[in-house]
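The two complexes that follow have subunit A in common; it is paired with subunit B in the first and with subunit C in the second.
Let's look at the complex of A and B:
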């Protein structure tokens, strides 16, 4: 079976899955319904200041797995829902930024610079439409790059990389993520090494689970979902609650500013913003393809580049649509490209990708990485079908985004009034409950709270949590690659320096760490 | 200077933890070495990966300490007394909520049995209404209501309403549609 056959099977898997209901006799597959639900949920969550896509993904994943079970049929509905959240939350974040000067997501901070002044000038409708158009254009561009480049990159990886090179590539990825995320390279590296160490507890090949101190609970290792959700979600809940507890400030009265004048997005407006959207889409996609660099940097660079390119009467920051367009196109075009390292290398580069991996690992039957694109003569590779199904859900989410996204987006302004502390308190119950129904063991809850405390401490001590989580996910794969590389090279302890490619990877890892350790302050 | 002290203390803590891990924990709690020989085949032992991670922590912590000493880069929002006060309040809520979650059901069932009810053990009743909801309802309410109480620093009916709503909705989502799912703590009773 060729690649095109798999593409077609992937499309069919999305559209001919078990129907959820029928419209005029036309069955609507459950996967499409899940993409739509995730998309709408993502817009609402993105529009709620303090929440965001990762929150929604963490909270919904255990529920989805409970609903769909652990069968391969569950993969596309669950992944489709997560893709929907990813896309929806990206455009939702701009809503409170534009209407209330309150960014819904961290990467929307720069949207407030021109979005809110436009609102004050009675141009909120136009600002939202510009944000929507730019965001969807950037996102679509990014998806096209993902769909066209990931398979080729994966095939190259499979063709040229053996076990030593794969081990070196994981080391390079971890070094890169540790170096670029957060303010301190050494704290990033400490975070990644801690993630590795925690993942090694209770695992190993020997009959006695290493570092388990004889404990039966530790002997099974820390559940992946407890570590990821604890550090990413509960850690953030604890930190946000402490911040709110400290501030104790009354929420200032939120007032809607009336629109005035022409608020439609005209063809002339599109012509005006298109160069800014194009430049930012390229910047965002390039940044998104690198593991660990988030949408905040993409938005910053997109805005800065747009500012340099702009030659209008009013300047950036005074409410020009080009400012909104430059920011939104950049931060949205990160989303699709972020999946390039996951699908081509098996290395999650950001939080959304972490949840895609978590879903795949929890359900089983799909291991994101270069092997998913392996063509087996006269056979179907089910993983390749899933990955093209995943691409199909992304295209469906984009179509939803183009057609309905703007309407939903403009309707979610009310979410800014939801008291965040009450939402977070509900998340505090929802997260352990969702973990429990999956693991049916109170220790899974205790471990999640423990990792939540670690996530809180890491945030308080300025240690980025992303290297920790990604290292935890990759730890066993790194060890396995090293074991196999060691055996394959006949017990050569220098297997990482056995081929030019692995030497190059290790050298780049060292250069990246040294470069950022010396220059990070200046770059910041 | 307080912020720099935090980074130095963090580096010192990690150096100490790494040394203890390398000197005490790994040698005593892993049964294979760094490299193992089995039937003339040389292979990596279980100790190698954690040893590598611990050595890495030691080096990174030393580098962090040295960098912080020679090129201080203070950061805001370090832990302080208020953080400890907040954590203690949250710990009370979490511990109380979890204790209620785990023990409410069994205690109620034992009490009824003690009063001559003879309704059986909690394990037998853990999937029976109303017993299966007792722990989740009591513990869940305290978790949500308590967390809101900590942040808002006051009791409010709205918070109680949110807590009751959260417990009811979650119970409905997880318990009603699925026969095979058990709310906490019923799975391991």
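Let's look at the complex of A and C:
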């Protein structure tokens, strides 16, 4: 079976899955329904200040898994839903940024710079349309890069990397993520080491449960879902609650500013913004492909380069559509490219990718990494079918985004009125419930609360949580790769320096850490 | 009594026994799990145990209406799962699937496995492995001797799935005066991936290699079970090579110790029903890849486990 057969099987898997209902005799598969619901849910969540894609993923994932079960058939509907949320929340984030000067997601802070002035000039409709067009274009571009490059990268990894190189690559990824995320490189590394520490409790190949101090509960290690959801979601909820309690500021009255004049997106507008969209899409995709750097930096860089390129009467920040376009194209084009390291190396680079891995690990039958693209002669590689199914759901979500996204987006302006203090309470209640639904074990909830507390402390101490979570996910693979490399080289303790490729990986890791440690200090 | 009548008597006796068995079965069928059954898989997703367990789970759900929730508790050749399982309720709502080695050699080889063979109720085996020492055809080694020549000329990387394989490798090294770099990988899928990627030169395959061998992409150089593998008739067995061990494992379903006979028998019967049904997916799977349905349960299974323990102790005393 060649690659093209797998592509076709993947497409079929999406469209011919168990039909949920039919329209005019045309059966609509459950996967498509899930992509659509995820997409709409994503827009709503993105448009709600204080909520974001990760919250929606964390709460919905355990529930979806318990509904769809643990068979490989469950993979595409669940992954499709996550893809929908990922894409929906990116465009949703721009809505309150433009209409109310309140970013819905952190990466749309820069959208307020030009989006809100446009609204004040009565151009809110046009600003939203520009944001939608730029966002979708950037996203589609990013997906095309993902679909065309991930398989080749994966095949290269499988062909050229041996055990020692694989261990070195994981070390390099962790070093890179620790160095680029957050304000301090050393705190990033501390976060990653903490993640490794917790992941190594009760796991490993030894004949006894290590570091468990004889406790039966710790002896099995911490469940992945508890660590991820606790640190990423509950930690954030605890921190936000404290912030709210300290600020207790009066909520300013939210008023809707009327549109006036021509608010349609004309061909002339598209021609004006297209160069900015193009530049930002390239920047966002390049940044997305590197693990650890998120859409906030992409938006910042996109906006800054757009500003340099722009020559007009009004300058950036006074309500020019190019400003909105440059930001939105950049932050949206991160999403697709972010899956490149996940699918080709098995290394998650950002929060959405972490949830994709979590879904795959929980359901089983799909291990994101280079082996999914392996062609087995005369046989179907079910994992490759899933990957192409995943790509198909991304394309479906893009089509939805092009056709219906704009309409949904403009309808979600009301979400800004949802009070944050109630939202947080709902999330705090839903998260442990969702975890219990999946694990039916009180210890999973205790562990989640424990990790929530750790996430809270890390935020208080300004230690980034992303290196922690990614290190937790990669910890066991790192240990395995190290053990295997050690025995494959005949017990050579210097196995990391055994081949030019692994020496290069380790050298780059050191250079990255030193470089960012110096430059971040220089930036203050 | 002529031979024919003897046969008739035997057949009717067998039928009678079967009928009694059936009645016992129907009485036992009144046992029902109190809630969803958690089926813990001792190996990683995508491997042979995982595939079987998931196929069986969905089939049991369909036929019996039981809610069966599979989850992977991979690590240490099934030991991680066993340790978790032993302290769970023994009412049939918690069962695990691993290989017989997890309750034999692997357990004995571990410093402190956290469980003993007496901690479990052995429900049933499902199928047996056709363990082979497998290489990629593109390596150019057609026989064990070709491989030995290459091993003498340089180092070879040898992928196994458990400490037992490392021990057998040690015996092979002693016998043939060669040196292997033995790497322990997590399950059959990982061995296949490493072989394909060229990370190892030869590996242990418990049947996962069947399709690749039949298509000529891979070659079984040696059979690890007591007899030659049907589709690789030229590969000698380990015993023929002078290593007197049958390292073929069986896949096994277990529960915590002290499970009621009702629960044990009903579960065994339910598994047997699904696996021996020629139309079921799992039947097709174990037939294509392994030795087909191989169902040992009850007292016979207890004896099988005891015997395996004895043999493993011998192997360990030889290598240490």
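Here, the second predicted complex is superposed on the first by the 519 of 524 C-alpha atoms of A that agree within 3 Å, B and C clash if a C-alpha of one lies under 4 Å from a C-alpha of the other, contacts with A are read in each partner's own complex, and residues count from 1 in each chain.
In this section, a contact is a pair of C-beta atoms (placed from the backbone, for glycine too) under 8 Å apart; a residue touches a chain by one contact, two chains touch by 3 or more.
The structure presented is a predicted model; accordingly, all values stated were derived computationally and were not measured.
Subunit B and subunit C, once both complexes are superposed via subunit A, fit side by side.
Touch criterion met: A:374 reaches subunit C, while subunit B stays clear of it.
Shared-chain residue A:428: touches subunit B; no touch with subunit C.
Once the two complexes are laid over each other on the shared chain, residue contacts for A:479 go to subunit B alone; subunit C is not touched. Contact with subunit C, but none with subunit B, is seen for A:489 once the two complexes are overlaid on the shared chain. Within the superposed three-chain model, A:200 lies in touch with subunit B and out of touch with subunit C [touch as defined at top]. By the touch criterion defined above, A:163 reaches subunit C but does not reach subunit B. Once the two complexes are overlaid on the shared chain, A:219 sits against subunit C while remaining clear of subunit B. When the two structures are aligned on the shared chain, A:318 is found in touch with neither subunit B nor subunit C. Seen from the Cα centre of subunit A, subunit B and subunit C lie 70° apart once the structures are superposed, a value rounded to the nearest 10.
By the touch criterion stated above, A:184 is placed in contact with subunit B alone, subunit C being left untouched.
Touched residues of subunit A, counted separately for subunit B and subunit C, are more numerous for B. Remark: least CA distance from subunit B to subunit C after fitting both complexes onto chain A is 5 Å. Residues 204-208, 440, 483, 487, 490 of subunit A contact both subunit B in one complex and subunit C in the other. Contacts from subunit C toward subunit A in the complex involve residues 36, 44-46, 50, 54, 57-58, 69-73, 75-76, 79-80, 83-84, 87, 109-114, 155, 157, 179, 181-186, 193, 196-200, 211-212, 215, 217.
Within the complex, the subunit A residues that touch subunit B are 63, 66-67, 183-184, 186-187, 189-190, 193-194, 196-197, 200-201, 204-208, 210-213, 238, 241-242, 244-246, 248, 421-422, 424-426, 428-430, 432-433, 436-437, 440-442, 445-446, 449, 456-457, 460-462, 475, 478-479, 482-483, 486-487, 490-491, 493, 517, 521. Within the complex formed with subunit A, the residues of subunit B that make contact are 6-7, 10, 14, 21, 25-26, 29-32, 35, 41-50, 53-54, 56-57, 60-61, 63-64, 67, 71, 73, 75, 77-79, 82-83, 86-87, 90, 94, 98, 102, 136, 140, 143-145, 147-148, 150-153, 158-159, 162-163, 166-167, 170, 173-174, 177-178, 181-185, 187-188. Contact residues on subunit A toward subunit C in their complex (touch as defined above): 69-72, 158-159, 162-163, 203-209, 216, 219-220, 361, 364-367, 371, 374, 376-379, 383, 440, 480, 483-484, 487-490.
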